[in-house]
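Right after this note come the structures.
In the two complexes that follow, subunit A is the common piece, with subunit B as its partner first and subunit C second.
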Partner chain A sequence: MTSVLDQVGLVARRSVRRTLRQPALIVPTIVFPLFLLAVNSSGLSAATDIPGFPASSYLDFAITVCFVQGAMFAAITAGTELATDVQSGFLNRLQLTPLTRLAILIGQMAGATTLALLGAVTYLAVGVIAGVDVKSGVGGAAVLIVYALFTAVAFSGIGATLGARTGSPEAVQGAFPLMFALFFLSSMSMPRELISIDWFRTVATWNPASYLIEGMRSLVITGWDGTALWRGVAIGAGILALSFWSASRALATRMART
Partner chain B sequence: MSTNHRGIVVEGLVRTFKGDIHAVDGIDLEVAAGEIYGFLGPNGAGKSTTVHMLTTLLPPTAGRATVAGFDIAREGADVRRHIGAALQEAALDTFLTGREHMDLQAGLSGLGKADRARRGTELLERVGLIEAADRKVGGYSGGMKRRLDLAMALVHSPSILFLDEPTTGLDPQSRSALWDEVERLATDDGVTVFLTTQYLEEADVLADRVGIIDRGRIVAEGTPDELKRDIGGDTVEAIPADPHDLERAAEVLARFGERAAHSPKGVAVRLSRGAEQLADIVRALDDAGIALAHLQLHSPSLDDVFLTKTGRSLEGAGEEDEAAEEPVPA
Partner chain C sequence: MRRDFTTVAGAVLRRNLIHAFTNPALLIPSAVFPLLFFVAFAGGLSNVANVPGFDFPSGYTAFQFVFVFLQSAAFGGVFTGFAAAADFESGFGRRLLLASPRRRGIVAGYVVAAIARWCFTATIVSVAAAIAGMHVDGGVAQLVALVSLALLVNMTATLWGVGMALRFQTLQAGPAMQIPVFLILFMAPVYVPLDLIGGWVHDAASYNPLTALVESGRGFISGVPDVVGLAYLAGFGLVALGLVWALTGLRRAERGV
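Let's turn to the complex of A and B:
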């Protein structure tokens, strides 16, 4: 009898192999956030002149958006991969083995997490080469990578919920613009206190994505900011718990084996 | 309801889906250990739903069944330990190689690392895929995918094997190779095989016994020979050279047996004494001055059995029923 840990390892290895063998998944995850970073940091560089703007370089301010976008790509990947397994019948194959639901769920996340790791390391490397100054130092950069992975896993739970519930990769991909909108309505491009439009500032204040981004951003532009980090991690943990709970329920419905 | 029966026992099994669709509507059957049971029916007849229930992937709405002596509803994990299944989809990961598939399946089935590699190689050799073992499955042909699917189903040496339409879409050569392997499994290894098919020839060639399912109900069951014998003897069909002679030909043939299904241009009767009447028929038609374009003696097939039991031909019968097999749980 294989232990749950062994089962997770086997499913995870397959998930990572699949992901790494699909350039169509890897290239956009790396290129798209960096492209957006290049556009934003040149187009919005004047924002640093606004009194009270917390960074002297917009590149420093915006680099963390890449990590969040990477997490979104990871979420979509986790969802489409699970939906593909439902649609192709591969999930039925897995169900016929002693594999537990937990092992499927955690194992299936491995590919998306690997993708997020590849992305995070690349964003940071490109950012540093382009002049990003990580105020919290090398330790902070390492925490930033771990934080990005943690966010990616939390959001992958949402993708997995959609994938298990719909069984349709297209439906999961259709949710991408919604997630993108969630981040645009946050403090992604501008500090909350500097957003001049009232409703936008209110939405950004209530939007949990703002705190995730601010936690990450603090490591780059402030140094070690316990409050920002604590808030971000708490929000991330909340999303992680909720998304895995809902993914597990969706998978339980999908896996109707006796 | 664990029993000592090591094969399959099904009693009043029912599965309904949303919209009051009775995909499987109270079937009873028994498959002895080591037997090849052919489950024949058109698309949408309830074959795959039955397999999904017997392999524990879908809970039954009513009725009960044991597989390898274990109850499918209450002892799912035990059932799964004793069965192998190659389901209709041949669900494989196009980005993994054949060997990686075997390793994953063997690992999940509880084999240790060394055993995994050994068993994987052994089965890949057996199904003729050893040379393609390190190629990604995305590049495999349909026949190769089916063979890999079969190898994966056998990885933990199951005593009962479910094959859901294993040769659908395969070329004749691949089909024949798969038949040989299934036959070898049953004969040499004593594996019980539950095989669904919509191909008459497949059921005829492979199965020790056949159950014919239509619209969720078993309409006939027995050995292929028994089923054919049950519906009577050979039929003869005559197509007159002149279509105006059709009615007279029918009158002549009526002397030799009961009317049977025929093509639009011909007339057919079921012969009471079989082929030995053929010469008399030719003489009688000749005496009546009826020139023939075509005369054919036809032994009963499983399609005739299906036609007799359901009033429809097996070919094309499924199209009208296909919607019934949409797996939307009630």
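Let's turn to the complex of A and C:
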């Protein structure tokens, strides 16, 4: 009988290989956020002239959006891969083995997490080459990568919940607009205090995604801001706990059905 | 002969509309995406109107509405391209080619279907803009002109998508259909006028044919028409290129029948 860690390793190895063998998955995850960063940082460079704007470069302000988009891609990847395994009957076959549900769940997310790590390192490297000044220094850059990974894992739990519950890759892909909406209705493009439409500012204030983004962003444009960081980490931890709990329940239901 | 053409186009149109409007998984994203962009741009970025040098008389909501309106037209065309790719992937497209006395009617059917689908999305986006309190300073004729520009964008995107679908005959060509459209759209003056864009995007936007359409559309909604001739020249030029692309794709597909 293998330990849970060994079991996780077995499932994770397959998940990582499967993800890294799909250029069609990797290329958009890396290129798309960087393209949007390039366009937005040029298109909105004039926004730094708005009185009270917290950064002198929109590139610095917007770089964290890439990490958030990476987390969204991780969620969709994790969900799609799990749903594909449900649809193809692979999950049924796994049930004939002594693998535990926890090992399957955590192992299945390894591919998405690896993709998120690859993305986060690339975004930061390209950003620094393009002139991003990380105010919290090298230590802050390392924390930023860990933070991005943590966010990606938390969102992967949401993807896994959808994948296990629906068993349909199309349904997981269909949830993408909803996640997009969550981030669009946040302080992603403008600081909350500078959003002039009242209802939008209220929605952004109640939107947990705002705090995730602001925590990450503080490392780049402010330095070490304890308040922004603890708020972001607390929200991330909450999403992580809830998403893994619901993914585990959904997987249990799916496995009981088969 | 002409009747054959309209019969084929009508059949493709009817099939597409039934498929699109009875399938929420297709209908909802095409309506929700432009709304999301509109809310995010016009709401979240409204303070961009206070940037020194930003001078658009009808306000930032109207400024962004025009972009989202044209964007919804472009994506309406791309979504119809997806439908054509799905038709060919399932084998239906091949049967359609065999059964059609006038095959150009197939392309025409997709184009008209895309227009009909976009009308639905355009209505939703326009109602949302009206609810958001958008100022419209242009007259009726200028609004009709704005719609005509959007139709040119819609037709171009549809012809591009259908041309891709006829060549590749698989939905896996979806990203290849979508990404160039996305690139062209976002290489236009999206958030601020061209003069306020910095860096290489300014150069890219200056040569992007869509820039003229976006600027002209903004001129129409604010009642101060701008670069109208250039916009229509770019629009009709893009449609002509799209038509060549789609018809050569059709010829290639015919060889496989």
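Going forward, the second predicted complex is superposed on the first by the 256 of 258 C-alpha atoms of A that agree within 3 Å, B and C clash if a C-alpha of one lies under 4 Å from a C-alpha of the other, contacts with A are read in each partner's own complex, and residues count from 1 in each chain.
Note that in this section a contact is a pair of C-beta atoms (placed from the backbone, for glycine too) under 8 Å apart; a residue touches a chain by one contact, two chains touch by 3 or more.
Being a predicted model, the structure only gives us computed values, none of them experimental.
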| item | value |
| --- | --- |
| Clash or fit, subunit B versus subunit C on superposed subunit A | fit |
| Which of subunit B and subunit C A:M188 touches, first, second, both or neither | second |
| Subunit B versus subunit C as contact partner of A:L10, first or second or both or neither | first |
| Angular separation of subunit B and subunit C about subunit A, which is computed from CA centres of the superposed model and rounded to the nearest 10 ° | 90 |
| Subunit A: partner with more touched residues, subunit B or subunit C | C |
| Touched partner set for A:N92, first subunit B, second subunit C, both or neither | first |
| Touching partner for A:A256 - first (subunit B), second (subunit C), both, neither | first |
| Touching partner for A:L242 - first (subunit B), second (subunit C), both, neither | neither |
| Contacts of A:T2 with subunit B and subunit C, given as first, second, both or neither | first |
| Smallest separation of CA atoms, subunit C relative to subunit B, angstrom | 17 |
| Subunit B/subunit C common contact set on subunit A | none |
| Complex interface listing, subunit C residues touching subunit A | 25, 28-29, 32-33, 36-37, 39-40, 42-48, 50-54, 175, 183, 186-187, 189-192, 196-202 |
| In the complex, subunit A residues that touch subunit B | 1-2, 6-7, 10-11, 13-14, 17-18, 21-22, 88-90, 92-99, 256-258 |
| Complex contacts: residues of subunit A adjacent to subunit C | 24, 28, 35-36, 38-47, 49-51, 170, 174, 177, 180-181, 184-185, 187-190, 194-197, 199-200, 204 |
| Contact footprint of subunit A on subunit B as seen in their complex | 55-59, 72-74, 76-77, 79-81, 83, 85, 87-93, 95-96, 100, 104-105, 107-110, 136, 152, 329 |
